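A short worksheet on the structure shown next.
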Amino acid sequence: MFYTDGRLQFPVRVETPDPQFARALQQAIGGVEGEIRVAMQYFFQACGARGNPKFRDLLMNTAAEELGHIEMLATAVALNLEGAPVSVKEEVAADPVGGAVLGGLNLKNILSAGLSAMPVDSDGVPFNMSHIYASGNIAADMTCNIAAEATGRTLAVRLYNMTQDPGMKEMLSFLIARDTMHQNQWVAALEELGGPTQVFPIPNSFPQEMEKTEFSYAFLGFQADGSAPVAGRWSQGPSPDGKGEFTANPMSPLGEKPVLGPAKPMSGAQTEQITPA
Amino acid sequence: MFYTDGRLQFPVRVETPDPQFARALQQAIGGVEGEIRVAMQYFFQACGARGNPKFRDLLMNTAAEELGHIEMLATAVALNLEGAPVSVKEEVAADPVGGAVLGGLNLKNILSAGLSAMPVDSDGVPFNMSHIYASGNIAADMTCNIAAEATGRTLAVRLYNMTQDPGMKEMLSFLIARDTMHQNQWVAALEELGGPTQVFPIPNSFPQEMEKTEFSYAFLGFQADGSAPVAGRWSQGPSPDGKGEFTANPMSPLGEKPVLGPAKPMSGAQTEQITPA
Amino acid sequence: MFYTDGRLQFPVRVETPDPQFARALQQAIGGVEGEIRVAMQYFFQACGARGNPKFRDLLMNTAAEELGHIEMLATAVALNLEGAPVSVKEEVAADPVGGAVLGGLNLKNILSAGLSAMPVDSDGVPFNMSHIYASGNIAADMTCNIAAEATGRTLAVRLYNMTQDPGMKEMLSFLIARDTMHQNQWVAALEELGGPTQVFPIPNSFPQEMEKTEFSYAFLGFQADGSAPVAGRWSQGPSPDGKGEFTANPMSPLGEKPVLGPAKPMSGAQTEQITPA
Amino acid sequence: MFYTDGRLQFPVRVETPDPQFARALQQAIGGVEGEIRVAMQYFFQACGARGNPKFRDLLMNTAAEELGHIEMLATAVALNLEGAPVSVKEEVAADPVGGAVLGGLNLKNILSAGLSAMPVDSDGVPFNMSHIYASGNIAADMTCNIAAEATGRTLAVRLYNMTQDPGMKEMLSFLIARDTMHQNQWVAALEELGGPTQVFPIPNSFPQEMEKTEFSYAFLGFQADGSAPVAGRWSQGPSPDGKGEFTANPMSPLGEKPVLGPAKPMSGAQTEQITPA
Amino acid sequence: MFYTDGRLQFPVRVETPDPQFARALQQAIGGVEGEIRVAMQYFFQACGARGNPKFRDLLMNTAAEELGHIEMLATAVALNLEGAPVSVKEEVAADPVGGAVLGGLNLKNILSAGLSAMPVDSDGVPFNMSHIYASGNIAADMTCNIAAEATGRTLAVRLYNMTQDPGMKEMLSFLIARDTMHQNQWVAALEELGGPTQVFPIPNSFPQEMEKTEFSYAFLGFQADGSAPVAGRWSQGPSPDGKGEFTANPMSPLGEKPVLGPAKPMSGAQTEQITPA
Amino acid sequence: MFYTDGRLQFPVRVETPDPQFARALQQAIGGVEGEIRVAMQYFFQACGARGNPKFRDLLMNTAAEELGHIEMLATAVALNLEGAPVSVKEEVAADPVGGAVLGGLNLKNILSAGLSAMPVDSDGVPFNMSHIYASGNIAADMTCNIAAEATGRTLAVRLYNMTQDPGMKEMLSFLIARDTMHQNQWVAALEELGGPTQVFPIPNSFPQEMEKTEFSYAFLGFQADGSAPVAGRWSQGPSPDGKGEFTANPMSPLGEKPVLGPAKPMSGAQTEQITPA
């Protein structure tokens, strides 16, 4: 169950409303690396967490935190939009040279939301919940969370560089710090699960002798001239999961050209597909 | 530039066509953890790779491999669909008890694709390219790739358990092995970039003194009763990035209730919002 | 800011796991009339609420309630999915007659989520956040909320009729009651705003003399034979907003066929479009 | 069956083509509160209307009207786009100071549609037909229609304020008037169905004694400090449906922390989830 | 402007309601090759038609026809759904062996639409208006329409084969005939525009001397072994546009490996990308 | 199986980075008429090609070519984005007059991709794989391919006109030439299948005597005044498929108003719908 107090987790202050920066901030709300994504991802992972209940608690706790981040950012968007024009006169006043102010905004923030935040990204595309990765495998979930926080902090840093408003920089420095914590938190959760050699390959419940083991640690090359693929940590030495030794070599097709046979009668194909010459 | 020879990377053989398993296999083609996703993700990451060119080569090489996996799976879907009915007579023959055969399929595989594979998931939802994570930050990209292969191998294992066709099990045991390799490969790439203490927090180019460092390694609690959040590797000890020490404590709001002020005249609000009583 | 205690708002009990009912319940999570929609809709409306702050508080309070409903339903889905087969042997045991069990499920609940809930609807389509209506006009928002709860309760009733599990009926009877309350709550909020004659037409801040008033209360007919449109409360008597009197009459086009003129050179049109004969 | 005469319902005249306003107008075509939405919503509600046939006629009649509104707006978009540059020379002529003209447009209106309208919103996002609410419950449908027209008129007012072209203001003043009528029309339809006390709670065919009636008229509080939720018309007095009396009180969880039990073997989980320590 | 008479263009009769066939019919409503697509595609093409006005008239006339087809199919879906169970008792009665009936349906047709049609495809995926191809080039539009009717008639034939209900076969034989007409109609429209040698390459307004003409009629090979690509009508002889002669030969890359240079400081990249070793 | 050499099919050179043109180029990558679409469309058509194997080879060969085009365009986008500002200082330097530079971009190319290409269109909307038309009918597929290349070349021409960078014009003149070839190639493939009189109506395997032949070559009119529809090549003369003679006449409804009967009890309708007065 969830509770609220309507107060902001961290102060949100805008010195000079900048409607174009409001557009950029939308990415941190409704972008695929934004706060709706992490809030809902941790929420659904928690709801499906089987096994040690501490992971459910960990996930739901952080989901609650991220809900508060959406709230902060939505407030920041609304405050920045207070500088956006809503009538012709205002637009002309704001931009005597040309029509650049309105043109540079998500028009939906004005037309659909009346100067408020929306669950869309910085180009006005609504967030799609297919980005909620909750696999039922706790270790796979942790890798998804590290990825989410890695892209999330990258976004926050880009936003920080894009503004010079002191209030916005302050808010973003808080969010960047939380992303630092969360990257570390999910890596730590993988350690709690035993670290790389216990955890990988994910899922660790599949007996590896049932996979084609000659391909399990081979870095295969798909270079047109048949040469070996580019060398690196991935082409030799022990594998990070501690269960193999990397090799590298060019690949050749092991199968033939596929033959599907003729189309079935009544399947809507052309006659020539049904009874080939 | 890309080349093809029309041959399959690994043999695809179906002993007993099972149109319902064709539906399940669609997840490995057009699901968010499927092969279109990894092929296109590595492709776009390669195209945007700045810095050491070996990562571009590594990514594009693996993109080529994954394109071949889509080809294999599309062939497997088409072969399994050869058992699907396309006319009333066939349906009755296939399922004398009731209408379960057609009902259990993605009807689009029949109605739209004529017994062929489609770029959709196991419930018929088309793949959406917003799932191509290519961030311009090479380390963030690697975390996204680990996540993709972790969920990808989990899916392949589930498919393996869901079929008893020897040909399909053979094909899947190859794909599972490749996912083992790719999980290790992307972890190895993070090692090539210096390993956790060099790489994290991502992006490592942001000066950490500019973040609110008192929140950078603090596990904050959002428990309704104000209690400490659940303990674990994430609540004490050194952080995996080697730059901090975990602490844990309940969080209180640092901000106030947000005040947006009245709505602007001509902004389409109700009169009462513009001139509050 | 949000808090959680990890406990369920109302007990969720499943006597006989029914994976097909899990599929149906998904509509109440990720359907357009489901709980993610109302939780996020009230949340974003609250974040953008300008004017009297009581509406912000009202909305955020109910957003918190709805988050708890998602949690309940996600638990219900996971418990129902415990009856779903994950391997061939189980499938055969569960359904000796044919392959109907797996066929009747959202396969993604198994393949992507490992027997857990997902933010998708009953046919596996992910929720899209474009359904979060938050207009910046508080009265328009209330009408959207009445609509959401009207369709929401209709859905809950349909689910209630579709199951015979006592635990599920119990949970749904709670959710139906909450929908009863919420329908009344949002109608009451419109009353708080002054009731129909104060509130309509929305937005009430637009001077009605600037609209084409001869069409403001006219029920226009578009019947091919030029007859009057179907009579009802909408074709005569005072209008509910108290500002007009309904009339009814057939409509004729007031404009001409549109003429766009030729295509511009270099606009990618055919030559004949640029210089018509 | 539908007929057309190719003439516009109301004259569409653009004095000064403004391609940026074309972008804004797209919201009224392909936005979630736009004309495609209402045309198709009334169309599908009509097709599924069971019971008194007058509602089918009412809905289909208005669907025909809205189709004509799309036609008007698409013409308006095309006429406004006649001012958009399609070649470098034109762009420089149109905007000697910088590249603002093209930058402020939906590029797809130029690149994909050759200076014509598209079924997309003001940020170029295609309309998604999941927004067609047609529930099979006639009263629920009416609430959805009131909501659609409330947001629709709000949008039209915002567009009216955003332009100073006399032709566009004329066209919009017609559309605003029609939205006034349609808001009243759908409220009137609810009256035809008996008004609030007959209609609510929707669906009225569910026996209310089967819901958890102690929660049917209770305004529950989810405030973190356990305080009562914000008071208003919704917290005391008779409920608008005439069937209850509002109360208000804080909520406590009635359920426990959910326990899902261990993951199933072969479900793709980590080993630790299957056999917890 | 549009008009309606509420009557069906062609009789819709269902002898034996078959809810699973209702699901299949949904593809003809909301599938990418369905009737919403053609109705809206012709509508938007008409609205953007520049040049000879006869094409606008042709397109809008056919748009009106297709709207009537949606109406027919929506009726057919509703009539077929009358056999679907809505309560547990009905489900058991309809399917004493197992839960196959409900499992084989789009649950949204029951849960969201109350036994009515929806603008979704046969797997419950909503139609997305990005499929409305209206390019501003009249000849390109005609090719899109031929494609739409080719896939549309293929779908209708598949539906015809999938049912044995005489009423449904009758309705589909009408729709198939209309698709025959429409395929011919759009090919005829290309003839009206001058036929292949006048029309192609589309757009014919681009001076061909500005394209790299050595590649304009060359069938290039991308075979991994450098062999010539498969021969056919496309590899020799005059080109259908009458402006060239086909040749065939293997392709080699004309460009080099791309070099993007280092990442910009402050662009959110890793430090190593900004200052490569 | 696929191979790569990492080299570009044709040189990609940008003399003056233009981030706004990068935005326009995105349409050629992730637009519905872009290169991802054709690459994946030919790929999936190849995988499902039944009948004469030469079509599979033809399709897969061209799929490989198109993959290389995505690579070229992604490189062009990244090079053009090198002129985009990422920090406040840069923005001010780039655009001393106002904030137009950032405003005119897809912000996601900066915020999500760090100055790299993405699989999105020119307004930032991700490509959706539902646009991959692969019907299982080889002739229908060819019509879809002609349509794809007709809209694709139209787009490329528009991009050519929109830039004055010599490198970009060079690259586009190559792509335009390839589109010329591909339009001809797919028309030639229809000739290989027998040309219009053999191929149409698609699918040619359906016995035409089973369709309502009186409607197969009739151009029906849906004019509100009952007049004949606009005359043209489509209203008289032999049909292009060689199997009929066009006629033209107004249409009247052949069916009645649909009657669905009352709603089922327990179907979630209003009581009045279940037992109409």
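Chains: A, B, C, D, E and F, in written order; residue numbering restarts at 1 for each.
Note that contacts are C-beta pairs under 8 Å (C-beta built on N, C-alpha and C of every residue); 3 or more make two chains touch, one makes a residue touch a chain.
Small disclaimer: the values here were computed from a predicted structure and weren't measured.
Enquirer: Enumerate, in label order, the chains that touch chain A and chain D alike.
Expert: The shared contacts of chain A and chain D, listed by label, come to B, C, E, F.
Enquirer: If you take the chains that touch chain B and keep only those that also touch chain F, what is left?
Expert: Both-contact set = A, C, D, E.
Enquirer: Sharing more than half its contact pairs with D-F, counted by residue number, which one of A-E, A-D or B-F qualifies?
Expert: A-D
Enquirer: Can you compute the centre-to-centre distance for chain B and chain E, using the mean CA position of each chain? Integer Å is fine.
Expert: Inter-chain centre distance comes to 28 Å.
Enquirer: Determine the centre-to-centre distance between chain C and chain F, using the mean Cα coordinates as centres, and give it in whole Å.
Expert: 31
Enquirer: Can you tell me which residues of chain E touch two or more of the remaining chains?
Expert: Those would be 1-9, 32-33, 47-48, 56-57, 61, 64-65, 68, 71, 75, 78, 86-87, 97-98, 100, 103-104, 112, 114-115, 120, 123-126, 128, 130, 135-137, 139, 151, 154-155, 157-158, 161, 202-203, 205-206, 222-224, 251, 253, 257-258, 260-261, 263, 266-269.
Enquirer: Which label fits the chain touch graph of this model best, line, ring, star, complete or other?
Expert: Topology of the interface graph: complete, with all chain pairs in contact.
Enquirer: Any idea which chain C residues touch chain E in the complex?
Expert: Result: residues 20, 23-24, 27, 31-33, 95, 97-98, 100-101, 103-105, 121-125, 151, 154-155, 158-159, 161-164, 222-225, 251, 253, 257-263, 265-274, 276-277 of chain C touch chain E.
Enquirer: Quick one: in the complex, what on chain E touches chain C?
Expert: Per the touch definition, chain E meets chain C at residues 1-5, 47-53, 56, 86-88, 91, 97-100, 102-104, 106-108, 110-112, 114, 120, 123-126, 135-139, 193-194, 199, 202-206.
Enquirer: Note which residues of chain D are touching chain E in the complex, please.
Expert: Touching chain E from chain D are residues 1-9, 30, 36, 40, 43-44, 47-48, 56-57, 60-61, 63-65, 67-68, 70-71, 74-75, 78, 112-120, 126-130, 132, 134-137.
Enquirer: Mind listing the chain B positions that touch chain A in their complex?
Expert: Touching chain A: residues 1, 3, 5-12, 32-33, 54, 57-58, 61-62, 64-65, 68, 71-72, 75, 78-79, 82, 86-87, 114-115, 125, 128, 130-131, 133, 135-137, 139-140, 143-144, 146-147, 150-151, 153-154, 157, 160, 173-174, 176-181, 183-185, 187-189, 191-192, 196, 200-203, 205-206, 208, 210-224, 229-234, 237, 239-241, 244, 246, 251, 253-258, 260-261, 263-264, 266-269 of chain B.
Enquirer: Which positions of chain B touch chain D when the two form their complex?
Expert: Residues of chain B touching chain D: 154-155, 157-158, 161, 224, 266-268.
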